[in-house]
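Chain naming follows the written order as A, B, C and D, and within any one chain the residues start at number 1.
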Amino acid sequence: MSNLHKILDEKLVRVGVLGATGTVGQRFISLLSNHPWFIIHALGASPRSAGKPYAKATNWKQTTPIPSNVREIIVQECKPEHFSDCAIVFSGLDADVAGDIEGAFRAADLAVFSNAKNYRRDPLVPLIVPLVNDSHLSMIPQQQALHQPPLQKGFILTNANCSTTGLVVPLRALEKSFGPVEACFVTTMQAISGAGYPGVSALDIVDNVVPYIGGEEEKMEWETLKILGGIAEEDGKKAFDMHSRYPLRVSASCNRVPVIDGHTMTVSVRFARRPPPSPQQVREALVAYTPEAQSMGCPSAPVHAVFVHEEPDRPQPRLDRYYQDGAGVSVGRVRQCAVLDIKFVVLANNVSIGAATSSIINAELAVLKGVVKLPIM
Amino acid sequence: MSNLHKILDEKLVRVGVLGATGTVGQRFISLLSNHPWFIIHALGASPRSAGKPYAKATNWKQTTPIPSNVREIIVQECKPEHFSDCAIVFSGLDADVAGDIEGAFRAADLAVFSNAKNYRRDPLVPLIVPLVNDSHLSMIPQQQALHQPPLQKGFILTNANCSTTGLVVPLRALEKSFGPVEACFVTTMQAISGAGYPGVSALDIVDNVVPYIGGEEEKMEWETLKILGGIAEEDGKKAFDMHSRYPLRVSASCNRVPVIDGHTMTVSVRFARRPPPSPQQVREALVAYTPEAQSMGCPSAPVHAVFVHEEPDRPQPRLDRYYQDGAGVSVGRVRQCAVLDIKFVVLANNVSIGAATSSIINAELAVLKGVVKLPIM
Amino acid sequence: MSNLHKILDEKLVRVGVLGATGTVGQRFISLLSNHPWFIIHALGASPRSAGKPYAKATNWKQTTPIPSNVREIIVQECKPEHFSDCAIVFSGLDADVAGDIEGAFRAADLAVFSNAKNYRRDPLVPLIVPLVNDSHLSMIPQQQALHQPPLQKGFILTNANCSTTGLVVPLRALEKSFGPVEACFVTTMQAISGAGYPGVSALDIVDNVVPYIGGEEEKMEWETLKILGGIAEEDGKKAFDMHSRYPLRVSASCNRVPVIDGHTMTVSVRFARRPPPSPQQVREALVAYTPEAQSMGCPSAPVHAVFVHEEPDRPQPRLDRYYQDGAGVSVGRVRQCAVLDIKFVVLANNVSIGAATSSIINAELAVLKGVVKLPIM
Amino acid sequence: MSNLHKILDEKLVRVGVLGATGTVGQRFISLLSNHPWFIIHALGASPRSAGKPYAKATNWKQTTPIPSNVREIIVQECKPEHFSDCAIVFSGLDADVAGDIEGAFRAADLAVFSNAKNYRRDPLVPLIVPLVNDSHLSMIPQQQALHQPPLQKGFILTNANCSTTGLVVPLRALEKSFGPVEACFVTTMQAISGAGYPGVSALDIVDNVVPYIGGEEEKMEWETLKILGGIAEEDGKKAFDMHSRYPLRVSASCNRVPVIDGHTMTVSVRFARRPPPSPQQVREALVAYTPEAQSMGCPSAPVHAVFVHEEPDRPQPRLDRYYQDGAGVSVGRVRQCAVLDIKFVVLANNVSIGAATSSIINAELAVLKGVVKLPIM
């Protein structure tokens, strides 16, 4: 372990970013440029961008300038041979290309941490929200063993949809304290950055709400089960149990609103346990929740996994989305629900904990748990 | 009846507007200036405005110019003596003054149709959404009889909160076809105009969602019961039954979003009847719903009480709020709910059917049903 | 003339719309569906849309429903043979295809009224803002005569960029009363609808200003000269004089702001005449301005070509853009300028007078002046 | 000087904040809570807030939490006796109370750095934009000497209106390189935070532009002269010369746009010198500009007083307003102007360099130049 920490402290873990010129890729680069362990070694994008220095290849849309140590890195095509020195490859690829490219990287024995949706439903690929279910890392050896040919270091690990992420963090905290949740109603008010760039047309969203985001409700209803569920083992074969021992019904209604960053949600839950916990007990359980990412010392983990607001009108995306660099989840207005048991408001920064930050903490956890094999140096 | 229609056709029904310079008052004036039956006879506002021509007294914020036949009307103080010739008095007063003034007008035997919340919980005052429960007009004679001294023509009739209105119209249509609803979950995304002027600070809502509107959730949960409930009679005394024969649990989560006009809501319902209706049956019931305001020929009633959208991404406030001058309610995305039975999206124009238009249709119904006593001419 | 008016009153003028499924095309259709003279006869769009009923082919984004008399019209490809019965063809085509298609339509002897920029700089094609320079219709016979082979009825006539239109209407009114303007400074704050659909990404404009619109400043500076200039004649050959007898320097700074419809501009002008007119004289001249579109009775012309606001904080796009259906131009805050002579604020509805409405009034003028040859019926 | 730096390094300079619960006050507190030299010692607000811990007294609207070292400070009334230990008093008071309170603090021999407009036109009070005219600090001794009774340490120093600040920084840079500017045309697109809280109603600005801000144009036109002008001396009496040796005409058109923070401006200038500098020369002069706040080592001064963007569509408020914590000014699109000489776009963060940050750098300069008398410790 001391050898591991020496490697980390010397910042010797080389990482690559796929889809580096896109919205998620830019966010990865912003976060990784100051990372205490990881150093950006390779950037991949479309053939159109390949061969150019990063500063020329990207249409930078972040509110901080391009990190100076990244400006001159030459962008590569997304081919494994350009990333063979990378212990970790982060993928911000669009879904239309992510399937093939991420598959090829895994086949080349590379460890891929993906934001894309393509492998989320794969029965061997963990879908990990780092404040929730890093225990699912235990599925990686089986993924490697069943690959043809078997892999030594390579795997694919996905993180969840941005809206799912905001939901499952408080749900996990509640289940840990009070046992299974059996029903959950969620209405989202999602930021436009969740659709990427150019994404949502201004004509569709200024002075408007769009009460539909294609595929989003299905993702929230399904991903929640995979993430909050456990891992069943039968005949030596592991499988995600989809919360099946305690069936959980999730009903999601997803809306786009004119907010730049930060998904706000109204959530109502029913617990299996009767009587259910009181609002005050729920508040205390949320505050007390400490995921492994914190206790193991992941540098990108937030101090408060769930920050509970006491003011009646918070959280609000404009005021609260950048708290803790958006790495935690904010909850407010915990109160009785007349239909289910308890209702509350959730805010999650879709471009941080809802995207790149999740992948990075996942990678930190995978390094600390030895799932990522670091080169001996 | 033919005499009634003669009076109406000759536009001889004089009406007054209280709170004429405010947001709701301006909307009343826009709508009434072209009304086929009613003619604006008197305008009331604060002492600060009294004595001035309306065009000087108001800070007009509508997107159409001040009606030319109103510009020069001298604004009066809100005292009954200035409105004694009015068969109908519409009130757009703020809650902090509406209680006393509306009470004084009723005591002066004037018929008051109020947008304010002050009398909504009064056990003798109907709370009427005109596309839903105009049957509650039957409570007026008792209100008049129990007044000290008893009234001949005067009464107070309220319409509902703007967000409640959008909810109860489709709920009423569903109950009519499928029997009682026993649970309802609603999350609102409410327009800033719902808070009046100046109302919401731009710093609070640009690029933001505020997940709290003081008192709004309680109003929605309570008003829905009064409106959808019936009238019980015992010992000759009538009372609102608050949907008590079939208890209805309503859970509301109210949010402010950066939209000028139009409240959007996600709604989920559970029916008492098992099995519940299918989404297609719900759609058909909504389309078929024909309230009395339509069948009796109220001129301000919409052609479609509930307009059902088939496109997956509608209704949207910016595109659909002005359809039918905002007098109907739009519903879309009718589909199964994994927690309750059926879920859908509702859009209601808070400044039209959610406010002034409701009062005006209520007045039209009250005229046609003889509840408003017109002067013999 | 009485025969002409008979044809018009019987609504026998068949018109076509090119680019019918796009933003400008939808606006043409909304306006033309109620036109007193014109009847929509043919709709053209891309091959992808051709063959479908209009209601299926378009992604309708207007705030009023698709006109019922248009829903079932089968969309055609943009080929002249499908429009041979049309006396007038309106074009809302994108610039990347407008050049070839409009040229082909003219060659087929069809009269084309175009919103596209392609032919605006053509020395034989008039660039007409209908409240300003319909005298330039006199260039049409020469355009027809010089065509190979010469044309009987066909021609191309363009209207101006949406931002130019807002500027030249008041400038023309001022030049008419006070003689040449010799310098003009204009800063625009342009609506997002000016960029079409999907056009501006919401991520680029929510809570933002973009101080650049590609090519827009050059268009404003150049088009203004062509529109406000006269027609010089030498050796029997006519040519646009580009305001050359009184050189006019225009400096434009163009910005995109988060407004759906309506371009707002701050304008400052210097007159050649010394001393310059006073602000009050300018106000009066603007109010008095009566273009030929009004005096000849064009049905789509506004009552007030220039509406002058007296309130200190008007015009505002949200409140004033739909006044007169957006067919006029609003001016406010006329006052001294410390650098030039007079400054003021202009608001023009970019989707009405700035686009489709201009083309339609141009067509009305061309019909009344006999430039469009109507079939004998 | 070494003694001074010892005092500064030990963070022994006690400061107070007046109007601490307001928008500007909150910004002062955010900035001062991490200041390397200054320590918050006293907070003043209205009698309604006095006596409460700061966290209870304020409705905190910043995007970072209340600094922990300020939460428990008890708010005082704005009376000099509560601030007698403060070497510096920052004022974020509203104009309706700032005149009396700031006057009383000066009379109590306290050094007041004010954001309010009340004393800006006082012939003895400097109006200082710290990146521009800190030379005007030389007026302080005369202000102290002429006070009745004369003051030892007390004075009032104001900073400029937020929109003026953005204008004068590049103008000063240009005058330094190219000599007097003789005409300047500026159109502003100002953020809503410039109006304080609650300030602008959302109904007035969502999907809108308001082409008027009361008094703003006059302030820009007048303050620019005082700031860019020199100090004339006659008979031993100093006076601001208002740029009178080279008369400067400024014409401002001020607009409010739906942007949270950051004033964008289009600026055009004419130089006295003929021929004028080229755009490239202007760019270089802006980049090279180094005000005294930088060369003397003020800790809150930006690295780039003027940051010049090369991209055609920058600066933009949402992307660039927080660069250098908003302490510098961004300029882009430097190009020829067809009416004057050179035009460009300016962005200044109205809540940073346009408000609290200016006052703090002014205080830093005043400390370094010995204008603020620090207690011997």
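Assume a residue touches a chain if its C-beta (ideal position, glycine included) is under 8 Å from a C-beta of that chain, and two chains touch if they have at least 3 such contacts.
Predicted model, so just to flag it, every value in this text is computed and none were measured.
Chains that touch both chain A and chain D: B, C.
By count of C-beta pairs in contact, C-D exceeds the other of the chain pairs B-C and C-D. A centroid comparison over C-alpha atoms places A as the chain most distant from chain C.
Work out the mean CA point of chain B and of chain D, and you get 50 Å between them. Centre-to-centre, using mean CA coordinates, chain C is 45 Å away from chain D. Centre to centre, using the average C-alpha position, chain B and chain C are separated by 42 Å. The set of chain D residues that touch two or more partner chains comprises 61, 206-207, 258-260, 318-319. Chain C contributes residues 61-65, 206-207, 260, 318-320, 322-323 to its touches with chain B in the complex.
Against chain C, in their complex, chain D makes its touches with residues 183-185, 187, 189, 206-212, 214, 221, 249-251, 253, 255, 257-260, 264, 266, 268, 312-319, 332-333, 337-340, 343, 345. Chain C makes touch with chain A in their complex at residues 61, 192-193, 197-207, 258-260.
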